[in-house]
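The same chain A turns up in both complexes below, where it pairs with chain B and then with chain C.
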Partner chain A sequence: MLISDLDCNTLKTHLSGQGLRFRTGPFSVSLRATIPAIARHIAKLYPHSETLDNDAFIDFHITTHQVAGLRRWLKPQVVFSFDGYKPFKPLPLAQAAAAFEWGLNWCIASSSHQYLIIHSAVVEKDGQAVILPGSPGSGKSTLCAALIHRGWRLFSDEMALLSAADGMIHSVPRPVSLKNQSIEIIKAFTQEPVWGERIEGTTKGDIEHMCAPDSSVRQPPTAIHAKYLVFPHYQSGCLTEITPLSKGRASMNLIENAFNFNILGHQGFEMVSDLVDSLECYDFTYPDLKQALDGIEQITSAKP
Partner chain B sequence: MPSLLAFQFWDDECVVYNRLSGDTHLLPALHAEILQLITEGIRGDNLIARLIAEHAISHDEATELTSSLYKSYKSLGLVDSSWN
Partner chain C sequence: MKPVLLIEFLRSCGAGELTKTEAQRYPWELLIRQSRRANLISRVALFLQEAGILDDIPAQPRQHFLNALRIAKANARATNWEVRDLYRILRGQNIDFILLKGSAYIWSENSASKGRLFSDVDIMVRESSLEDAERVLVHSGWMGSTLNGYDQRYYRQWMHEIPPLQHLKRQTTLDLHHSIIPPVSYPDFPAEKLWQQAIPAEDMPGLFMLSHIDMILHSAVHLFHEGEFDQGLRDLSDLDLMIREYILDGDLWEGLLLRAAELGLELPLYYALNYTQRVLATPVPEQILQKAARQRGRRHLPDGLLDLLFLAAFVPDHETCRVRGGKVARFLLFIRSHWIKMPWHLLFPHLVRKGWLRLRGENSH
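So, the complex of A and B:
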């Protein structure tokens, strides 16, 4: 059964009761939440996720609830907890959906060390996967959002999961998080996606989440060997530039973007070395979305 | 016991991983090769002789290069304090 098969009342009953159990990528989540915005967020942005039985193993037991007491009325806040642990300070209640998404990111990054976790989008087409690591402002998520509406499959928007067991990138197709000007750029680019509610005034600015397409969530393969490593750099007014990157430099850049490299230690170093050894690596500077899409097609269809 | 350092060579570059500190370093391949020789215990005049034989550089160049690299590697915690 999928989350979209649950009617509104059933969804709320699960969320406010023992928890809504569902799968996202390789992870199983139990989410308890009485906040209406969370229920709307899950219904709208995780419709293609498979629900899980009560006896299923759960990776992350998550609760998001409103802070009690006077806070309920005066500047209401939401608090995120994972197995009873509260890793963050409460956020304004209006940012409840963002608190859930960021909290789930934290759960994955802080405890899923069977993967080297790289801050990166991953997209795939015709069996060719592209890893797009990016620091804030690089345009990674904007480019990813556009690519998945031009025939590419979303493997991941926020984190590439490189498996220690098989050396493959595993899919975790969660909602794409877009910020500030990127929201309007993608809305002008495509009418297709389903959007969550606008979350204003977060520490990252205004945010909207875009639903991952059904084809990304439910169709195989769920793991793939990547072929390209492309470091995107958005720069207003620049000329498009595709520069082959040495494997040494690519390794260093990849390590800088790996959340748990220090935890994996020498194993992480060997994983990065093996991965980069098999990839074509590029630095890619672009001035706008059209040039960005053309550049990715150029990289993946022929030698730039 | 595994070596303190792990080396991954690609063409004219090498990425070195320090198991003790968790740091990674991107080095020119020749410089990494010298580091590898030092960690294997080849030091001082033996190291200079090896470089002259394998890389067609002069005695003065090899002396200057190894001396300067040794200081850098020592400050980065990649080699211990004994040189000769």
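So, the complex of A and C:
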């Protein structure tokens, strides 16, 4: 059964009761939340996720509840908790959906060390996967959102999961998070996607989440050997530039974008070396979305 | 009290009965959740590995244990790196230091190092070298935290450590001690006696660990006097492991009691023996426990009340097992730790101030 098969009331009953149990990528989640915005977020942005039985093993037991007490009336807040542990300070209630997304990112990044986790989008077409690591402002998510409406499949918007066991990138197709001007750019670019609610005034600015396409969530393969590593750099008014990167430089840049390199230690280093050895690596500077898409096509099609 | 899965698990580890676990049917998810909350998941994972049953556990829960083992390994690697760096800095000024708590367990690879997770490095220098040590550490990138003047004075006047230092680049926190118990609660604690029995580290002159017995006593003082019960069960498990390793094997019970009397730490030792035995079934001989009870001297609160508070506080604060009043118990133990630390005329204004800051939602230490 999928989340979209649940009617609104059943979804709310699960969320406010024993928890809504569902799969996202390789992870199983139980989410409890009484906040209506969270129920709407899940219904809209996780419709293709498979729901899980009561006896299924759950990786992450999550709650996002409204903070009780006087604040409930004066300054309503939401707090994210993972098995009773609260990694973040409470956020304004209006940011509840963002709190859930960031919280789930935190759960994955802080405990799933069977993967080297790289802050990166990953897209795939015709069996060719591109890793797009992104420091803030690089345009990673914007580029990713556009690519998946030009025939690419979303593997991941926020984190590339490089498996220590098989050296493959595992897919975790969650909603794409767009910020500030990127939201309008993508809305002008495509009318297709379903959007969540606009969340204003977060620490990252205004945010809207875009639903991951059904094909990304439910079709195989769920793991793939990557072929390209492209570091995007958005720079208004510049010329498009595609510069091959040395293996050493590419490795260092990749490590800078890894969340848990310190945990994996020596093994993490070996994994990065093996990965980079098998990739074509580029620095990619672009002035706008059209040039960005052309550049990615150029990188991935010019080869034998 | 209702049995708690994590506590039952730790008891069966101590009894060497882990190998009997039915790995296919055990409630692993519940154990993972409780142990994660208690910051004990890496230790649980290591026990499972040592008992040779990790491979029999179904793949999904096993993955969480394998990941927890990776975290512990990384924690140990980072800690030892910090210790070597501190050694380089302090050795340059000929300042001797003793590793304390987690970093000492990890460095000496004792039983309490097993899956031990922690965030701060703790070291102790002689009070006469405190100023020099702080200066050279600050010069090497360990910055004083941005505490306000009140907190700065509070630490420097009353406590056994200076305000925590934080490394500029790595964000690691370092607690620099000159004693193991706040001078305000125990004015003439003979810290030099700790130095007399400290064990030098191999090939690193100037670096020491506390003697085995002192390590246990320090762990007891820390747990039962400092009032941080968020990780109470983890700290009690440290005590259980070290008592089994250092005392039980060599039958050094009398030595432990004598040393506690020599240092004036009879009360925390009694609590340590009593509660490890009751919660984790540490095999403390009955006559030793009675002797420890007789020699403990002045009590601050009646045993019945303390039982209520401690036994509640040792249960992990997880929704599947937490006891009614657990939060209140932790809070009262926090108050108790301040009460036994400071006389009323100092404590009362301190608590009023802290309470006010907390109400206003400001960070407090």
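Keep in mind that, in the parts below, the second predicted complex is superposed on the first by the 302 of 304 C-alpha atoms of A that agree within 3 Å, B and C clash if a C-alpha of one lies under 4 Å from a C-alpha of the other, contacts with A are read in each partner's own complex, and residues count from 1 in each chain.
Keep in mind that, in the parts below, contacts are C-beta pairs under 8 Å (C-beta built on N, C-alpha and C of every residue); 3 or more make two chains touch, one makes a residue touch a chain.
What you see is a predicted model; the values in this text were computed from it and never measured.
K.L.:
Of the partners chain B and chain C, which touch A:Val67 in the superposed model: first, second, both, neither?
P.N.:
Neither partner.
K.L.:
Examine A:Ser273 and indicate which partner it touches, taking first as chain B and second as chain C; both and neither are also allowed.
P.N.:
After superposing on A, A:Ser273 lies in contact with chain B but is clear of chain C.
K.L.:
Once chain A of both complexes is superposed, is A:Gln114 in touch with chain B (first), chain C (second), both, or neither?
P.N.:
Touch status of A:Gln114: second partner only.
K.L.:
With both complexes overlaid on chain A, does A:Leu52 touch chain B (first), chain C (second), both or neither?
P.N.:
A:Leu52 sits against neither chain B nor chain C.
K.L.:
Does chain B (first) or chain C (second) touch A:Gly265, or do both, or does neither?
P.N.:
both
K.L.:
Figure out whether A:Lys247 sits in contact with chain B (first) or chain C (second), or with both, or with neither.
P.N.:
So A:Lys247 only meets chain B here.
K.L.:
Between chain B and chain C, whom does A:Leu93 touch in the aligned arrangement: first, second, both, or neither?
P.N.:
neither
K.L.:
Give one of first, second, both or neither to describe whether A:Ile255 is in contact with chain B, with chain C, with both, or with none.
P.N.:
first
K.L.:
Just to be sure I follow: which residues of chain A are touched by chain B in one complex and then by chain C in the other one?
P.N.:
262, 265
K.L.:
So in the complex, which bits of chain C are touching chain A?
P.N.:
28-29, 33, 36-37, 58, 60-61, 63-64, 66-68, 70-71, 73-74, 77-78, 317-319
K.L.:
Sort out for me which residues of chain B touch chain A in the complex.
P.N.:
2, 6, 8, 10-11, 13-15, 17, 19, 22, 24, 26
K.L.:
Over in the complex, which chain A residues touch chain B? Could you list them?
P.N.:
246-249, 251-252, 255, 261-262, 265-266, 269-270, 273, 277
K.L.:
Where on chain A is chain C touching in the complex?
P.N.:
The contact residues of chain A facing chain C are 28, 57-59, 61, 83-85, 111-114, 262-265.
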